[in-house]
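Two complexes follow with chain A in common, the first pairing it with chain B and the second with chain C.
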Partner chain A sequence: MFAVELKKMLLRPRTWVIIALLAGLPVLVAVLLRVTGIGPRPGEGPAFLAQVLGNGALFPAAALALILPIFLPIAVSVVAGESIAGENSLGTLRYLLVLPVGRTKLLIAKLMTVTVFVFMAVFIVAVVAYVVGASLFGIKPLPGVSGAAIAAEDATWRTVVTVIYVAVSMLGVAAAALLFSTFTDSPLAAVFGALAVLVTSQVLDLLEAGRAVHPYLLTHYWLAFIDLFRFPVLWRDVVRGFLLQGVYIALLLGAAWANFTTKDITS
Partner chain B sequence: MTSVVSTRALTKRYGSVAAVDGVDLDIQEGDLFALLGPNGSGKSTTFRMLLGLVYATSGEIQLLGHSMPSAASRTLPHVGSLIEGPAFYPHHSGRANLTLLDASSGNGRRTRRARVREALERVRLDAGRLPYRAYSTGMKQRLGLAAALLRPRRLLILDEPTNGLDPSGTREMRDLLLQLQRSGTTILVSSHLLTEIELICTRAAILSEGRLVAQSKVQDLLSTSQSVIVVTHDIADAINAVGSIPGVSVLEQTPDGLVLDLNGAEASEVNASLVSAGVGVREFSLKRERLEDVFLRLTGA
Partner chain C sequence: MVVAVAAAAALIPSALGLVPVSKAAVSAPSLLRRVLASAGVSYSGLAESFAGLSLPDVEGAGRLAAMFGEQTRMRVWYEGPTLWRVDELTPIGERDLYRDPYGTWYWDSGRRHATRTEGEGTVRFARPADLLPPELGRRLAAPASPAELSLLPTERIAGIDAAGLRITPAGDGTTLDHADLWADPASGLVVRVAITARGMKEPIISSSFLDLEQRRPASSITSFELPEDADAHFSEAPDFARAVDRYSPYVLPETIAGATKRAGAGAAGTYGRRFSLIAVLVLPDRFFPEDRLSALPEVGGPWDSARLAASPLLNALTVVDGGAAYVLGGTVTPDRLVAVASKLLDQGVAVQR
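The block that comes next holds the complex of A and B.
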C-alpha cells in the first residue's frame, strides 16, 4: 500500500512543482546576493545570510532558514492536508476502503508518503543550495556563529543534522494537516486548519504575554538548528525541539487515527 | 441455500433522522436481488453499512457468513461494489486507474496487466490513453463496473449501475448481470429502472423512508394483483351487474370497458355473473400489475 501511495505522490507533477519552487527561492536570493554583493548586515536579516557572501558552505543552512518560517510549512500543509481529504473529495477514498485497505493502514501509508515528501523536499533544497553556494561563493572552513574557526569537514555533518532537524520540525505541521485532513472532505479546509495552527503558534511565540507557553509552541524551536553552527554546538534547544516535535506528532496522529477509524465515509 | 447478506434490525440515524430503520434483509446465494425505494429511502446508506463505510447505529450485519464491519478484511476481497457512482483519479487513464487499484488491493503483480485488460473488455470499454476526466458519464460508469470486476467476486453490490447508460448500455448491463449471476455471483443491485429490475431480478425488497415495506420474490410481489380488465360495449349494464356481486367494485371506467377490483372474489365467477346478467363480455383478463404499480402503492407515492 505504501508503495502505491509513494508512486502516486512521485508521479504527480504537483510534487515536483512545489519542490522546484522551494528550491527556487534560495537560488534567487543567492543570485541577487552575488550580483549586488549586498548582504544583510551581520546579525540582521535571515540567519546565516550575512555570512554566506564570504562562505558558500553556510548556504544550505541559510536556504533552509529562508524557507522554514512560511514557505516550507505551507508546502508541507498542502501535501499532507490533501492526503485524506483529497481522496475523500474525489470519492476515491470509499473505493480504496472497500478493496479493502484498512483505515489504519491507509493512514500510515499516507503518513509515510508525506514523511518521504518532507525529507525529499528538505534534502533537495539543501543539495541545490550547496551546489549554488559552492559555485557562487566558494566553500571555506566554517567560522562558526561564535567566531572561532572550525575545520571545513565540520560543515557537512552540521548540515546533515540541520536537514534532519528541519524535516522533523515539519512533521509536526504534517501531522496537524493530516489530522484536519481526516475531518473534512475539502483539502483546502485541511490546509487552512494546519496554517491556522502554524500562524497561531508563531504569533504567540512573538508575544511577551505568551511567555509561559513559549516552550510548548509547535514552532518555538524551529530555528534552533542555528545552534548547530556554534562552536561548540549548543545541543539544548535542538534536543528540546526534537522531543517537542515527537510529542506533537504522537498526539496529533493519535487524534487523526481515532477520528479516521471511527468516522462515516459518506462522500 | 446459504445466506450471503443478512441484516437484523439494521438502523442508521443521522441526528434525529433515521436514514435506515430496523431493516432485516436476507439475500441468498445466487440471488439477483433488487433493493428499491424512492429517493432518500436509505438504499445507498444500507449499501455503505454493508461495506463498512458507514457504521450502523444499531443492528447486525452478516456478510458472506462473517460479521461486518469487524470482518471487513476477510469478506471485502470477495465483494465488488459500485457505490453512488464511480470515482477515479481524473488525470489518469482508465487503465492506469485500474492498475493503481489492483496494486493497492495487493493482487499478484505478474497477472495485473491481464486482469486489467479482461475487466475492461468485460464492460466493453476501450478508451486508450484518454484521461478519466474526459470520459462520458456512461464510460465512467463502465469503468466503475470494471473496477468491481477486477477479481472474481462472490457478491456484487451495485448502487444504480445503469445510471447514465444509454439504451444499448442498459441492455448490455442487463446481459452482464444475468451472465454473472449464471456463473454463480450473487448480486445486490439498486435501481430506479423498474422495468429492467422486473426483467432480470429474482428477488426484491422495497424501502420507504428507511423502513422495509416488502421483501420477496419479484413474481410474488407482482401476483398480489387484485384487478381485472373487462372489455365490453354494454358499459352501463356491466356497471349494474357489478353492483350485485358482493365485494367487487369498479376501479376505473375506460372508453371500451371497466377495470374491476376483485377484492377476494374468484375471477371466473365474476366473469360468469357478468355473462349471465346479459353483459356482452368481449374480453376478460387479469390486470397484470407492473413492478412500478406495486412500488408506487407500497411507497405511498
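The block that comes next holds the complex of A and C.
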C-alpha cells in the first residue's frame, strides 16, 4: 500500500512543482544577494542570511530559515491536506476501501508518504542551497554563532541534525492537515484548517500575554535549530522541539485515526 | 485513549512541578549570609529575565532599554568573579561577554565583531550579566539588614529546592517595595529573583534559571578566541557611562544633597546608600543627544532644560544648563532626582585641567 502511495506521490507533477518552488525561493534570494551585494543588516533578517555574502557554507541553514515560517508549512499542508480529502472528493476513497485494504493501513500509508515528502523537500532545499551557496559565495569553514569556526566533521552532523529537525517540525503541521483531511471531502478546507492552526500558533507566540502557553505552541521551537550552531550546542529547545512535535503528532494522528476508522465513507 | 496518552505526555513537565519540595531548614539571616558569600560558587546554566521598565532607547545606552523592557535569555558559565562568560541569546544569534582577570571581550555574532576592553571601570551601564539571578540577588542582599528579612516558601527552581527570602526595605526613600530571592540553601547561589516596585502588585523585574549546574565550567568555554573572519577593535569606553568617566573634563562633588559618593572619581559616579541609589554623569552638552529625548516630558526648574524618564522602579532625569549636560538616574522618586539635580547645579562641578 505504501509503495503504491509513494509511487503516486513521486509521479505527480504537483509534488515536483512544490519542491521546485520551495527550492526556488532561496535560489532567488541568493541571486539577488550576489547581484546587489546587499544583505540584511548584521543581526537582522532571517537567521544566517547576513553572513551568507561572505560564506556560502551557511546558505543551507539560511535557506531552511527562509522557508520554515510560512512557505514550507503551506507546502506540507497542501500535500497532507489533500491526502484523504482529495481521494474523497474524487470519489476514489470508497473504491480504495472496497478493496481489501484496512483503513488504518491506508492512513498509515498516507502518513508515511507525507513524511517522505517532507524529508525529501527539506533535503532537496538544503542540497540546492549548498550548491547555489558554494557557486555564488564560495565555501569557507562554517562560522559558529558563538565565534570560532565549526570543524568540518562537526559541521556535517550539525547540518544533518538541522535537516532532520526542520523536517520533524513539519510533521506536526502534516498531522494537523491529515486530521482535517479526514473530516472533509474538500482538500482546500483541510489545508485551510492546518494553516489556521499554524497562524494561531504563530500569533500567540508573538504575544507577551500568551507567555504561559508559548512552550506548548506548535511553532514555538521551530527556529531552535539555530542553537545547533552555538558553542557549546544548546540542546534544551532542540530536544523540547522534538518532544513537542512527538506529542502533537501522536495527538493529531490519534484523532485522525479515530475519526477515519469510524467514518461512514462506503455508503 | 490516544488523546489521553498524548495529553498525559504533554502534562508531564507541569506534573513534575507538583512534586512536593523539601522545606529548607535555614533562618533568614543565615540564608542572607550564604547568599552574600556565594560569589565564589562556580556554575553554568540558562536563565531568563523579564523586565517592564519601558526606558527610552537612547544612542550610546547600549542594550539598556531592551534589557529593562523585554525578555532577555542568557547562557552563563561562571568560574569566579573574574572568569566567566555570559551569552545574551537572540532568535538569530547572540551577544557574548567574556570576562577574564584583565578585562572583557564582547562578541556580536550578527556583525561578527569583537571588542576588547582592558579593566572594568568603576562606573558602567548595566549589562545582561547583571540580570543573572546570582548577580542581581547579591546586589539586592548586600544592603539588607536582618530586620528587613522574612522567609518565603521553598520552591523547586531549575531542579533545586530553593529557600525563599523576602527583603522589604525599611523606608529610606527608595522606589523598591520588596525583593524576593530564592537560593540554594547549601551553596547560597540565588536561582530566582523577583523585584516589586512601590505601588505595584506584580514584580517589575524577574530573573530565573531554567537549567543550572553547580560545577566549574571548562576553560575552553570561558576563554575567547578571536575567529579568523571577525573584525576586532580595542575600546577604552564601550558604553556611554564609561565614555563620560574616561573623557569628560568634569569632576563630581563628594556629596550632593546629603547623598555621599559610593563610586567614581571623575565625571561619573554613584551616590546614596542601601536601596536608594543615584548614578550621575556630567558631560559637555555638545556630546549629549538631547534631540533624541524630545518625546520625554519636560521638567521645570533652575536650568535651561530638563526631561524625565519615569518608571515605577527606575527614574532618570537629564538636565542641560550652562554648557553641561547632567544625567541622573536611580531607584529613587522623581522628586528626589529633581532635588538632587537642583543641589548639584547650586554646588557646581569642578573642571579638570
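The criterion applied here is as follows: the second predicted complex is superposed on the first by the 263 of 267 C-alpha atoms of A that agree within 3 Å, B and C clash if a C-alpha of one lies under 4 Å from a C-alpha of the other, contacts with A are read in each partner's own complex, and residues count from 1 in each chain.
Here, a contact is a pair of C-beta atoms (placed from the backbone, for glycine too) under 8 Å apart; a residue touches a chain by one contact, two chains touch by 3 or more.
What you are looking at is a predicted structure, and each value in this text was computed from that prediction instead of being measured.
Visitor: Kindly say whether there is room for both chain B and chain C on chain A in the superposition, answering fit or clash.
Guide: On the shared chain A, the partners fit.
Visitor: Between chain B and chain C, whom does A:K8 touch in the aligned arrangement: first, second, both, or neither?
Guide: Only chain B; A:K8 stays clear of chain C.
Visitor: By the touch definition at the top of the document, which applies to A:L207: first (chain B), second (chain C), both, or neither?
Guide: In the superposition, A:L207 contacts neither chain B nor chain C.
Visitor: Is A:V199 contacted by the first partner chain B, the second partner chain C, both or neither?
Guide: neither
Visitor: Comparing chain B against chain C, which has contacts with more of the residues in chain A?
Guide: C
Visitor: To the nearest 10 degrees, give me the chain B-chain A-chain C angle using C-alpha centres.
Guide: Computed angle, apex chain A: 140 degrees.
Visitor: Give one of first, second, both or neither to describe whether A:T262 is in contact with chain B, with chain C, with both, or with none.
Guide: Once the two structures are laid over each other on A, A:T262 reaches chain B alone.
Visitor: Go through the superposed model and pick first if A:G102 touches only chain B, second if only chain C, both, or neither.
Guide: In the superposition, A:G102 contacts chain B only.
Visitor: Using only C-alpha atoms, work out how near chain B sits to chain C after the chain A superposition, in angstrom.
Guide: 21
Visitor: Where on chain A do chain B and chain C both make contact?
Guide: On chain A, the chain B and chain C contacts do not overlap at all.
Visitor: Within the complex, which stretch of chain B touches chain A?
Guide: Its residues touching chain A are 48, 51-55, 72-73, 76-77, 79, 81, 83-90, 100-101, 103-106, 147.
Visitor: Could you please specify the touching residues of chain A with respect to chain B in the complex?
Guide: Going through chain A, the ones touching chain B are 1, 3-4, 7-8, 90-92, 94-102, 262, 264-266.
Visitor: Within their complex, state which residues of chain C touch chain A.
Guide: Of all residues in chain C, those touching chain A are 1-3, 5-7, 9-10, 13, 46, 71, 75, 87, 89-94, 96, 107-114, 210-211, 221, 224-230.
Visitor: Help me check something: in the complex, which residues belonging to chain A touch chain C?
Guide: Going by the criterion above, the answer is residues 42-48, 50-51, 54-55, 65, 140, 143-149, 208, 215-216, 223, 226, 230-232, 234, 236, 246-247, 250-251, 253-255, 257-258.
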